[in-house]
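What follows is subunit A paired twice: with subunit B in the first complex and subunit C in the second.
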Partner chain A sequence: MRGELHYDAVVIGGGTAGMVAGARLAEGGARVCVLAKGVGSTHLAPGTIDVLGYAPERVTAPLVALGDLVAARPDHPYALLGADAVVESARWLQARVESGPLPGYRYVGDLERNHLFPTAVGALRPSALVPETMAHGDGESLERMCVVGTRALRDFHPALCAANLGREGIAARWVEAEIEVDKADQNALGLARRFDDPAWRAAFAGRLALKLQADESVGLPAMLGIRDPHGAWADLEHRLGRPVFEIPTLPPSVPGMRLYEILRAALRGAGGRLVLGAEVVSAQRAGSRVTSVATRAAGHDAAYAAPWFVHAAGGLGSGAIELDSDWVTHDRVLGLPLRGVPGPDEPRFLPDYRAEQPMSRVGVAVDAQLRAEGAENVLVAGAALPGAISWREGSGEGIALASGSRAAQLVLSAGGAHAEAA
Partner chain B sequence: MATLSTDVLVIGGGATGAGVAWDASLRGYDVVLVDRADLAEGTSGRFHGLLHSGGRYAVKDPDAARECIHENRILRKIAADCVEDIGGFFVTTPYDDPAYADKFANGCRDTGVDCEEIEPAVALREEPRLNPGISRVFRVPDANIDVWKTVWALARGAQQRGARILPYHAVVAIHRSGDVITGARVRGHATGEELDIEARVTVNASGAWAGQIADMAGIEGVRVLPGRGIMIAMNHRMVNTCINRCQMPTDGDIIVPMRTVCIIGTTDEHTEDPDDHHVPPNEVDRMLDDGEKLVPGFRQARALRVWTGVRPLFEDAKASDTQTRDVTRAHALLDHAERDGVQGFVTITGGKLTTFRLMAEDTMTAVSRHMGDERPCTTKTEPLPGSEDGATYMLGERLERKEKNLVDEQIICECELVPRWKLEESIRRRATTNLDDIRRLLRLGMGPCQGGFCIYRATGILHGLDGLSAEQADKSLLEFLEERWKGTWPILYGDQLRQARLDEWIFQGVLDVEHLPLSLPEAVAT
Partner chain C sequence: MSNGVLEDLLLRGSIDHCVKCTICETQCPVSNVTPLFPGPKYAGPQAERYRVADEPSVESSVDYCSGCGICSMVCPQGVKIAEVNAQARDKLKRQKGIPLRDRIITRPTWLGRVGTPAAPIANFTLASRPLRVLAEKGLGVHRDAAVPKFAGRRFSRWAKEHPSPSTGRKILYFHGCGTEYYEPWEGEKVVRILEHNGFEVIVPKQDCCGLPLQSSGLFDDARKVALRRGRDFAPYLREDPNMLVVGNATSCTLMLKREAREILSLEDDADLKLLSERIYDICELLLELHDRGELKIPPEPVNEHIFYHAPCQQQGHWIGKPALELFALIPGLEVTEGNARCCGIAGTYGLKAEKYDIAMAVGADLFGQVKASGAGEVACDSETCRWQITHATGQKSVHPIDYLYRAYGL
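Up next is the complex of A and B:
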């Protein structure tokens, strides 16, 4: 142990919620450190900002539906956060995207109305805000389109995508573009790096243009650049003379990685620190307060002390909450009490794949101020919160943004007093 | 209605039925084989993969032990490509009666099962994860056998000699004319069309379902006592040798390393219904606890999948209905001409996978006698397609091939290293749209991610190859996800639960497969 490092706040978790909390704390003047076992949800999710897509019917007006959801499910995170917090945090994010490290890149749309965007299998999926690089995929305005894939990318199958979109009433055809690769197992990230190169892009566009018909938009897998996506996308639209859009596919998610870069730049730009590979392995407590957490990172252990902690380490998906082989569910990060765990005689999972699984809503128990039960200086954000089935609801980013922001505000408004007291 | 005519109709496409088809075609008979589902989809495909040395039966059932070692030696040669020569240990753990070890050694000697006692320290050097408290260790020639590969090799071998293999054709009636069985009517699963098959002899090789088929033939009293057992695949080879508890055979006493995983088995519960596949939670716990006795830390490893197999066991006067393990594992060949005065019909059931070839030989020897030409059996020496060079399978074959083809060979399933060309070839050859059929053939989606990454890819490839409609492709994808869930939900804990959650993110979140047009009319309750 190299002695304790002291911060005003320590955020545990490097997904969207943790990065938002960290960045906003730093912007508010707190000395903040984000501890992350690894990169989080951003690299897995499509990179869209989904507030509420299904409740359980497809949602058109997410803020309105959010109000209905809260009335029906008072245990849902949105019941604690409210629509205003979602709106405010989404505005904050849009501003950070526009002032961020990817020149010209922005998110478009608004929270009043979802639009439908094609997935790689050709389903239409509702999102509120999407990167500009996806915006022209809006299923309601799409008339004629061509899905472009490449055999080099096994994670995107344009024929299947086009055929399913056809069943949705969109006149979609598909073509394959030739891309030469130096190894057969490419993913979208490897190809995205090539789209950052203007010369390579120009050659690609030249070959593709020959295969396109007049008046059709072009949908490509989400791989149009990682450092300069705005440049890559705008250049392709210009060269092909038509709307071009990205379609999200299997992880690693290129648009998600862009979002991560933007959030990381916001955190660091405001003076915050990010430690990757730092899994929290234990916590020191004094009564009902957590005083420090210890991490085990390559080479050495370290301890981080702070008057405030934000638990944004995720739920069962990240491993922050674990169901062990003796069927005990616990918070592996801080050992906090959980909510939503089925009783010992109740089923944890049901045989029907499509049923709501009893384990789906497990999270760290909190009060109305996101304060963890039994730990007065720990606030909980993101997928660690109980009550949501975000992958089915399409609510992950809305909850992450609003709860990360709320946690930061709560620390900033209360933290000074605690820091002085300490 | 279409009609086929053949010498031998085989009902049941497990190892026994496919073995009968292979044996019959080698003897020069014309064969049709039917199964209500895919080949080796029933009991054969639902076991732990152990090619017995015979050690397990050396004390309790010496005849079965003799049969096992005899067949073990043959299958290593004729089905070499399907067999991995992992070897086996029988170990006396602190939980076992130490007196059994000497009985075991004597039993092996008496039955001819090769058996060498080695020092526990030697065994622990070879298998460092074994319980360090083991007191005695015997080395035996256990192996593992890839049953899907074996059954398809048998079927392909038979096909090359003219046999017609019809998976997904369920028997709807057995044709009987007086005291002669003349064939059967089957219905195709895909088309719903019926087909009459006329046969000189009909072989009922339907295993745990043999009683049901015999009933359809109007033959009474063929009673198969189904014994249901669960098996759990763990996400890597915690051991590289087959590990058996050195004790009287009981539950949870075998761990079989199989390809990239290892499998623990099994329980044994009486059931009335051979289609009973439910997995009781207490049996999962028992299996994990038993694993812990052989390999400490077993419970901390990741369980990938659980399944049940139903053994076809004949009733025996000595056994009660609730203790199926005491019923003989030896096979039963019922010649219904002798037994019931019904010509043209034989039933083969019971037995174990290791002895399927012998069961097929006995069956076809009886059938051949009925045909009046007594043609000799050649399955002892004739290699199956793919096993001509006699080289047993080596773990690492797939990786070795991949490393030679880094630029050209696209891998679709990383867990099991299934390349795209192999997937495309298999889809074409099988002419199937069922991704679960492909899974059994190639092990696609059988690794840690349970299809999380490869099944979207495979669906895209399936759709692109066959001119399959998107609706059918979507159906294949969704059916695979539902089928996978059946085998995973009872063992979701630890990292495998994380994996399941990631897979849910991919399919329900990123791809939104539950809202593909028209495929799932009912909304998901939240």
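Up next is the complex of A and C:
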């Protein structure tokens, strides 16, 4: 006879879209609860804010290209959201970063122009906003640089990164810095904790300085601090006397973890709840409305009721949408109708891995107000939306921010939240 | 093999969902401070592929897993990492033999029954440096580890003499060993808060939940103990379909809710199943009452600044942090929510001589946050965590319901 907990809005999903929706609902005065199966996409993504990188050619001016994309693809999430929502939500995020738990840390750039930043394999990737700790890696202004790796971090190969940057016309060489580790497989987070320690950092900088040449910038794997990245990065620039920048790593992503902490602090600071380990396993409906969802909990499912739900659990990538062994596609979270599923006679996948895979635009079917088809009080945000191929487009964070924000705004402006809850 | 065969297969089968994203590795409190434990992904989904039934374990690092369960909670793919590792630890213990120390410190009932009547002597022994050094050398219980003081009285004796007013709205109370032998006053507060909100509190005959045995890999003994708890409570639950059980020892309620059934393969036991479905953590229950408008709003201000640490085992209920919602009802109470993962003690883990330093290193982040917060007291739902926090910071640590108790003016 467990009861339900009642909220003004329940957000499903703890990635960027869900955390943004939750934080903004809480800031708007709603009693909100974010339910997350586990820690989400932030820990796997580079931590940059990519709005539109390819359409399909590399994009220099994301807002201009976004207008063209919307005209060409009315089924794209950006066609529902519009450029203004992307701009507004990016500003909101920048403000939360600056008032957040990481002192001095900020995101730089704007949506007028993309800049190109090195990846772990030395490709240049377009991003609109990046953590300040990455900003000096802007490929257009980079002339001479040194990629610094360490055997302590086995997933980062400085020689590969430097060789590929050379092909992009950047004079890049590489060195290995000595970092003593006590276990075979250290990850970027373990090393980031060390960079939080000023004394350790100073010793590291002292050793590295001996290996550097004059007039070269320094690119390091993204591990410059987890609690005080601004301090760690600024200190290294100061000690080395040159621009220093982070290069995103394979997961786990330290800049992504910082972003998660910032969003978590925004949610909690505004009074929102976060429940981890809470996979949604069923939903109660009354006609065209979802009235409550049940989550997996110890001993017995827990139930959360609300007049509004935001489905931000992701798409095929997170497993929220699955293609089962009978080749049937489902929304595993709320069982909502999908859009973009290839027909019975159409191919679902193409042999070329990097081709535009037919399955990749699948998402929960929505109307122009992000309302799920067949569930009038469920709004959809982030990678659960149909119509985008965010990994090809470089659009994931832009869609997550704008749709999470829009969903929050729609719930708040519906105004009925409090009245219906009461 | 009759019990829970399918469940074991499902548990083990969950490792196939691992996509090697490493999120568990970023959150594991232990592997982030010591090379002795390579991390949940290595010890769990990866090493499990090399563990073959009836063949020797291929590696022993899983003994350094503290069993906190954070990995399973944060896994976005639903892999039962901690549970798989707990079963691997049991297998390892069978193979290598169980130290005498682990046979003793995992039995709070024995300790309590011996220590309570002889509390002055027992407490003197536990506080005596030379005797603790001897215990470390002889038994492997670290000389500095936080051990509680015997209260010298048992909660159940108080409960027997305390008439709970008959209200027609009955609830069963599972108090656990910490309340029984070390902190009987916590149980008295639980009872008075429940009575204040209209409940008639029944304290059935009971004993340990089996968690210390389970977490040290003594599964056979843990099963016997956990099954007995099912027998203790099931008759009341069968008689009244609305009857609930509530506990303030959050790790013990988690054991009875989920871990005993899942990790010890007791899914088929009907009594334990009934108990697991009806047992609540105290803060979880009070928050649900509040949501239904059935919890009295506390009138008295508590003008204090406290630090709240949600222990791993509370987080393992997968219900968020209900204590924070209760604090918000208390006028004047200022709360700093910590975001450190674990205090390190993990029940009996931090008592063990070879693990004490690891436990203190795990907790360092929390202890630093407590000090930096400037808060006076620390609120935490688990007794062993409170003892560890007080041991490391010197600051008083209490159960979250203490503030509600004070705000009710009880």
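Throughout what follows, the second predicted complex is superposed on the first by the 411 of 422 C-alpha atoms of A that agree within 3 Å, B and C clash if a C-alpha of one lies under 4 Å from a C-alpha of the other, contacts with A are read in each partner's own complex, and residues count from 1 in each chain.
The rule is simple: contacts are C-beta pairs under 8 Å (C-beta built on N, C-alpha and C of every residue); 3 or more make two chains touch, one makes a residue touch a chain.
All of these numbers come straight from a predicted model, not from anything done at the bench.
**Student:** Look at the residues of subunit A and decide whether subunit B or subunit C touches more of them.
**Tutor:** Partner touching more subunit A residues in the overlay: B.
**Student:** Quick one: classify A:Ala297 as touching subunit B (first), subunit C (second), both or neither.
**Tutor:** Second partner only, subunit C.
**Student:** Can A:Leu410 be said to touch subunit B (first), subunit C (second), both, or neither?
**Tutor:** After superposition on chain A, A:Leu410 lies in contact with neither partner.
**Student:** Contact-wise, after the overlay, does A:Lys37 reach subunit B, subunit C, both or neither (first, second, both, neither)?
**Tutor:** second
**Student:** Going by the contact rule set out at the top, does A:Val281 touch subunit B (first), subunit C (second), both, or neither?
**Tutor:** neither
**Student:** Look at A:Ala61 in the shared chain and tell me whether it touches subunit B only, subunit C only, both, or neither; answer first, second, both or neither.
**Tutor:** In the superposed model, A:Ala61 contacts neither subunit B nor subunit C.
**Student:** Which of the two partners, first being subunit B and second being subunit C, lies in contact with A:Ala159: first, second, both, or neither?
**Tutor:** A:Ala159: touches subunit B, not subunit C.
**Student:** In the superposed arrangement, does A:Gly319 touch subunit B (first), subunit C (second), both or neither?
**Tutor:** It touches subunit B and subunit C both.
**Student:** Output check: A:Asp185 vs subunit B and subunit C. Expected answer is one of first, second, both, neither. What do you get?
**Tutor:** both
**Student:** Just to be sure I read the superposition right, which of the two partners does A:Pro251 touch: subunit B = first, subunit C = second, or both, or neither?
**Tutor:** Once the two structures are laid over each other on A, A:Pro251 reaches both partners.
**Student:** Check subunit A for residues that touch subunit B in one structure and subunit C in the other, and list them.
**Tutor:** 44, 182-185, 251, 318-319
**Student:** In the complex of these two chains, what residues of subunit C are touching subunit A?
**Tutor:** Answer in residue numbers: 21-23, 25-27, 32, 35, 38-39, 42, 72-78, 241-242, 244, 254, 256-259, 276-279, 287-288, 291-292, 315-321, 324-325, 328, 337, 339.
**Student:** For a test of understanding, state which residues of subunit A touch subunit B in their complex under the given definition.
**Tutor:** Residue positions touching the partner: 44-46, 54-58, 119-125, 151, 154-157, 159-160, 163-164, 166-168, 181-185, 248-251, 253, 315-319, 322-327, 348-351, 353-357, 359, 389-394, 396.
**Student:** Within their complex, state which residues of subunit A touch subunit C.
**Tutor:** 1-6, 33, 37-40, 43-44, 182-185, 187, 189-190, 193, 251-252, 257, 261, 264, 268, 271, 273-279, 295-300, 302, 318-319
**Student:** Touching residues of subunit B toward subunit A in the complex: what are they?
**Tutor:** Result: residues 288, 299-300, 303, 405-412, 420, 453, 456-457, 459-461, 463-464, 469-471, 473-474, 477, 481-482, 485-486, 489-490, 492-495, 497-498, 501-502, 504-506, 508-518, 520, 522-526 of subunit B touch subunit A.
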